[in-house]
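Alright, structures below, take your time with them.
Next come two complexes built around chain A: one with chain B, the other with chain C.
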Partner chain A sequence: MSRGMRAEERGAAGGLWPASLGWLFVNRLQVVLYILVLPHVLLYPYMIWAIVIVGFLSHFNLRLLAGWLRTEEARLGYEGFVRLLGERATRALAVPGAAALLLDSAIVTLDYLEVAHHVLFPSVSRLTLLPLLWLVSFYLAGQGMLLAGRFVVMAFIGSVWIAALFIQFLFPPAAEYRLLLPVFPKEPRGDLALILPALWAALSGPQYLAFAGRRFAPAGRMFRWLALGNALTVLEYIVFFLAVTLSFGTEYMRKIDYPVVQLIRYIQLPFFERLETVVIPAHMILYVFLDAFFILFLRDALRVAAGAARKPERPGWLTAAAFLWVAVVYVIGRFFWTNETQHRLWIHVHVWLAGALYALVPSFLALAAARRRRRSDRTLT
Partner chain B sequence: MRWLARLLASLRQASGTDGEREKPGTAGVPARRADAESLKRAFQNIHDAECVEIENDRLGKATLLYIRSLIDIRQLQEFVIAPLQNASGADLRDTIHAAHLTEMDSPEQAETAAFKGAVIVLAGGRLWSISLASSLSRAVEPSKQEAVIHGPQDSFTEQVENNLTLIRRRLAASSLKSERFLVGGLSHTTVILLYVESLTNPELVRIAREKTAAVRSDAIFDSSHLSQFMEDHIHSVFPQFQQTDRPDAAAAALASGKVVWLVENTPFALIAPITFFDLFQSPEDYIHRWPVASFLRGVRFFAFLFAMFLIPFYVAITMHHYQMVPLDLLFVVLESRSEIPFNPFWEALFMMLVLEILKEASLRMPSKSGQTLGIVGGIVIGQAGVEANIASNLLIIHVAVTAIASFLIPNYLMTNSSKLIQFGLLLLAAWLGLWGITLGLILVLIHLNGLTSLKQPYFAPLSPFYGADWKDTIVRLPLKRMSRRPAYLKPANPWRFGAGSGRPERKG
Partner chain C sequence: MRALAALATALILAGCAWIDPATNVVEEISPTILMYLHLNEDSELESTIVVPAVKNEQKQVLTARGKTLKETRQKLNFGYSREFKSGQLRMLFLSEELARKGIIRCLNTLLLDQEISDRMYLAVVRGDFTGLLRKQIQEQKNYDRILYKRFRHYEHQVTSQNLHFFLREYYSPYADPRLPLFEVRDGQLVYSGTALFLDDRMVGAIPGEADAFFQMIDNGKGYFPNITSPEHDVVLGKVTTARKIKYDAKNERIVITVHLEGQVDEYTGDLNLGDPQEAERFMRGLKEDLEARILEVVRSLQELSVDPLRAGLSTVTLFRERFPGGEWRKRWPELTVTVRVDLGLSNLGMSKPEE
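Presenting the complex of A and B:
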């Protein structure tokens, strides 16, 4: 290792992800779906405080995640989980884990395809685009976890500029500040029992990093990077929420689908307008990254469940995981997502599933690691 | 299958001379007794091969074998034949005082040396070679491929030793190491591997050495041939070795911790590892003031994107996304296209193919016909195409801008790579509009993400991300701020400024 090489560069040099990539992972995994649909759930101005509060809660959850990623068990990968939970429990948990992952990724992907179908190709079935998205994701997954993880930099650069487009809507004449009132209502409107879990689910995604502990280069400041990513996500959500609220107002937002996408239509450049035609395809880079990530995690889960985690890695597992993934997405999209009612049901499923995973995975692993540490301390004494 | 691969490798090692590294210090090892007749048989049916026998009382009989067209006859007479005729000692070393007198190990080695311009002397059962290659070389001229207005004007020639001299003059340090390889069973091409020992990552040198030694080909005539045998990804459209005919560019690469190959009979050196972003850099970037250099680099990147995306974007907009065009501009587009019987895809495909035909023709035609080609291509085909309603005015503008933009890419191989990507994007644009173009772009990005050059990441400093390397990627910051060498190279000495640099010259 070179003498003068900086700490964050060591990871890349050694075939690992540097800890500094953590903020990109957190940020892009969090914004992937809800950036398009969240303002549809958040209808009232006071909910800006809900974004901030849930953002703080997410911060604490990320502290647990960072704590887990620092443990020796996380660095050991499969062997670490076996040490923590035992081989039988690890293999048993891999099955529901794979199912949850499949469901989570299927809903996220189908929702993006729904938006693309709605905005770009109303006459083309959304499932026509699925094989293309799958092939590109499979190609990225084929490069392996290390390179697929590095792709987060491109996913970030390829999609972060979209938020900048909305800044103009925060200022007059586009913004009508009276629409932001009341910021402190006497009687909060809206179903908080749905809104708060939806917000929590909007910040989910980083829980999958818990299974990639051995890919990160050792670094003491992991939480700092994860927290930075979370703060950026909260900032982005606030920008999107304010832009939509200041432009449309609560009453109009209730009547339209995808208010974020609708707002982009108001941007005019000298040569182009209707920029949603550019933004929706550009957003695809995030889904390619995410789906490749899911396929790789699915492969690992299948290997663990089948008891092949210790055997040399064979490309057949990745192919099997990729085909399983596309089959599940297709079946859900073809048979169980055919009308608006089913669409809303799946969004609800996703809110509770992703929210539960985000709440449970880091805390469960951190607790299990702490329990094991206590037990081993007791054995030593 | 591994045993088969091992067996094949051992057979190759046993039989082939390809990619063989020259062993230093073999001269002086007692040679096995050579058979003059067997050596002569190797030179049969070669009309310019000559055999001269000289009898001398003290030295005995000496047989000289050489290829007349490859050697300097005046030097042969002066430094070999005359001293042999008048020899006063019994040892050849006392008789011939040529600098390149080397004892050969085997007749095969002697044969190879003869075809490189050496005279083979068979005396007392021992084989010697005396290098008397005739100097058939052009002068050092300004670079044609990477011409600059300011800065050094010399460029490499076909003479590998001259090229080495041009680099050594720039890096006068004992740490600049050069290793010689003979590559090609028929061509016996000399390849020189260069690196700076004190700063280049030893792992890079090891990989470069192994790759060079593993080249299996009968004939290597050009540095491009060599690079194709050493590439990590043979199916990629992106060049993984940088080719330069500028000694200053090669020396700068060595000083930053890269490895350079010089190939005999080629005026282009190979540089590796490289990144995608290196292919947009020009030696002139380091001559301009840094804001100017950064601006020009930015223009080059912009031109590259323009060259790749402009026509596919036009096709996507006109075929799928009319709603994106403001009304005033839409009238212009519709008017321009109203008489065209083809859809935008066929129109664009036809014009892009015509452009490529014109470019290829301009490269192959004699230079004096170039002007005629410009007139025929630019005016007759363009103007007539619009008047005959084969292409719209708007598309002609797009094609012309694309052609000019593609010339801004400093690397010729990269320019050609972008053409292929452009055709792919055109297909996707016609099929799926902007969604298709984005899909194609993501595919290219994923491909670049996985590429390596000499096993180092090709898309660094973006993926993997090296923050410090961005000082000299799209922008070029002041040289004083670039104290560290590129981190992705993992150099043995990462600091450019430090002990040993800027030292005053010692006199006396």
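Presenting the complex of A and C:
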């Protein structure tokens, strides 16, 4: 224990992320997609159990991720991937990796911009806030991976209080508890084949940490921190889901585009109303963190794909990544996200893409590391 | 650190950004807190507003007609020196004529408008409300605000509904919406019971005299300054009620239990309440009277086949819905309802002076 602590302190002094940052990473990377996913899928009261079940599955997935982060290969960064897969495969995989990353981050960002457009600025283009978001993310990315990663603390502090606003909706007069029935239905309604993947996608996000292994200070208790973050996410989701269900009920919830935002608008403080004008911009801090993170990963992926990973770092790569990112977001937002139907389509794309990445990346890497370990053991004997 | 502070400020203030072509410069707009919708003889929508809500100017009552709500709004704007904004809209009055035709289209339009809060109070008015507004605004400059204060004050004693609750009950298969009903009588706005809705159409009303009994079973917890029972020559004061609605599956009936506590404020009858036996007789009689009156209210709801009590929700168990789909709607009017009142009166003994 004390050795672990010391290792963490050393890590922090040496410019690494302490393992205790892990729960913040997991938690914020997961919840950032929540507003996007919930309203379209979780309609019936019994789905509260689905949140718990998928939360458990995610827990085991994080065990794989923590296992991978403990390996030597994860600590080596690029060299580790080359050791596992070979240089050519690493470079080849970086291309679809970058594409998936771009698509994922574009959808997440655009969905946020869509909410801001819908609620705050209905009479201007949904891309109005994009330059601001991009500039801030670019600036943050320019501070380097280490600082951008530590910004998760700010993102957490800046956004976690939003969940506290919903606690009042768990009590009367806003809450009608009977709306939660039947919570163990004999004939469940709704399409579980769509709900479970969507929930899984709502818990995705931590897979990106798999590529940041060398940033973490070596410490043995990584998994506990990751699991804590996951548990906190599940708790937050349950609070949100209960608040929305108790206030709207299944039938009304179905009719509303963003029940979560609708509920924020319902809050009336004696000294302040229309809280959504503060909550939605404050939520942007999460996207600043996320997009800076994505831009940095994109830069790394581009360098790997171009075969420049071993060369000394040049700032041009970051600029290229930032411009590529904003260009993709703009093009998708401007031309392929113009109506409700396309919006739905992108949500589905996101559910399957993010879900697949979250399921595959940790297990694939853990498996590859295990295979290599077995092979090297064999060669040793 | 400074960069960080600038960043945080930029993000938080993004919500106030002046990038909207619809400008909100306070001097150029005129928010309103009250709106009245009416359907006239030509089936045209008439919308009436009171402007300005905040400035120290002579208030005006403006009316415009049109096919749709937004059309009337546009006409209102053209007819007034400043653009009228609905961001502060707190009360929506609907005329009985409109309410009986159906109001969901209007409500939907208002729900879609992100400026309008779901907390907006709704009410049905019988009579010439526009005329009343015109007259009252001359006499009491802040009549619109006074009305709003009145809504807030009586939130727990009379029927009080906002957009959120109305729509929740409208969409629920186990409940029907209700709204307060006001009447314009002798130049005053008088609360006169509860308007009952089937879907989005008003189908009837609980009259003012019976409204307290409706409130007792409508709210989980209630408070009434006074409840009168003329038959037993008594006025109860400081009455608090707690009600429970249960579905008795074995006998297929709804059981409504009202626990009522209070004190005897005025007694003009002949019984000597200081005497335990007479007091008990009095209590029994009063209890039966209250039960009968509540049951009468429930019967009238069943006759209209509306369930504003949300009794349907109590038929849903942890494991299943007993009346899924629209079945509750069909069953509710025929169900047996039992009403039980638990009377807990304090302060009986000194009511009758010795002769």
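Just so we're on the same page, the second predicted complex is superposed on the first by the 366 of 381 C-alpha atoms of A that agree within 3 Å, B and C clash if a C-alpha of one lies under 4 Å from a C-alpha of the other, contacts with A are read in each partner's own complex, and residues count from 1 in each chain.
Everything that follows uses one rule, which is that a contact is a pair of C-beta atoms (placed from the backbone, for glycine too) under 8 Å apart; a residue touches a chain by one contact, two chains touch by 3 or more.
All of these numbers come straight from a predicted model, not from anything done at the bench.
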item	value
Partners on chain A (chain B, chain C) - clash or fit	clash
Contacts of A:K255 with chain B and chain C, given as first, second, both or neither	second
Chain B versus chain C as contact partner of A:P172, first or second or both or neither	second
Chain B versus chain C as contact partner of A:S123, first or second or both or neither	second
Chain B versus chain C as contact partner of A:P281, first or second or both or neither	both
First, second, both or neither for A:L21, with chain B first and chain C second	first
First, second, both or neither for A:E79, with chain B first and chain C second	neither
Which of chain B and chain C A:V153 touches, first, second, both or neither	first
First, second, both or neither for A:F272, with chain B first and chain C second	first
Partner chain in contact with A:P185 - chain B first, chain C second, else both or neither	second
Among 171-179, 207-215, 261-269 or 441-449 on chain B, the segment whose C-alpha atoms clash with chain C after superposition	441-449
Touching both chain B and chain C, residues of chain A	116, 120-121, 129, 132, 136, 139, 154, 158, 268, 273-274, 277-278, 280-282, 284-285, 288
In the complex, chain A residues that touch chain C	116, 118-124, 128-129, 132, 136, 139, 154, 158, 172, 176, 178-179, 181-187, 247-249, 251-252, 254-255, 262, 265-266, 268, 273-274, 276-278, 280-282, 284-285, 288
Chain C to chain A touching residues, read off their complex	3-4, 7-8, 10-17, 19-22, 87, 114, 117-119, 164, 167-168, 170-173, 220, 310, 313-314, 316-321
Complex contacts: residues of chain A adjacent to chain B	1-6, 8-9, 11-13, 18, 20-21, 116, 120-121, 129, 132, 136, 139-140, 143, 147, 150-151, 153-154, 157-158, 268, 270-275, 277-278, 280-282, 284-285, 288
Touching residues on chain B, where the partner in the complex is chain A	321, 323-326, 329, 432-435, 437-439, 442-443, 445-446, 449-450, 457, 460, 462-468, 484, 487-488, 490-492, 494-495
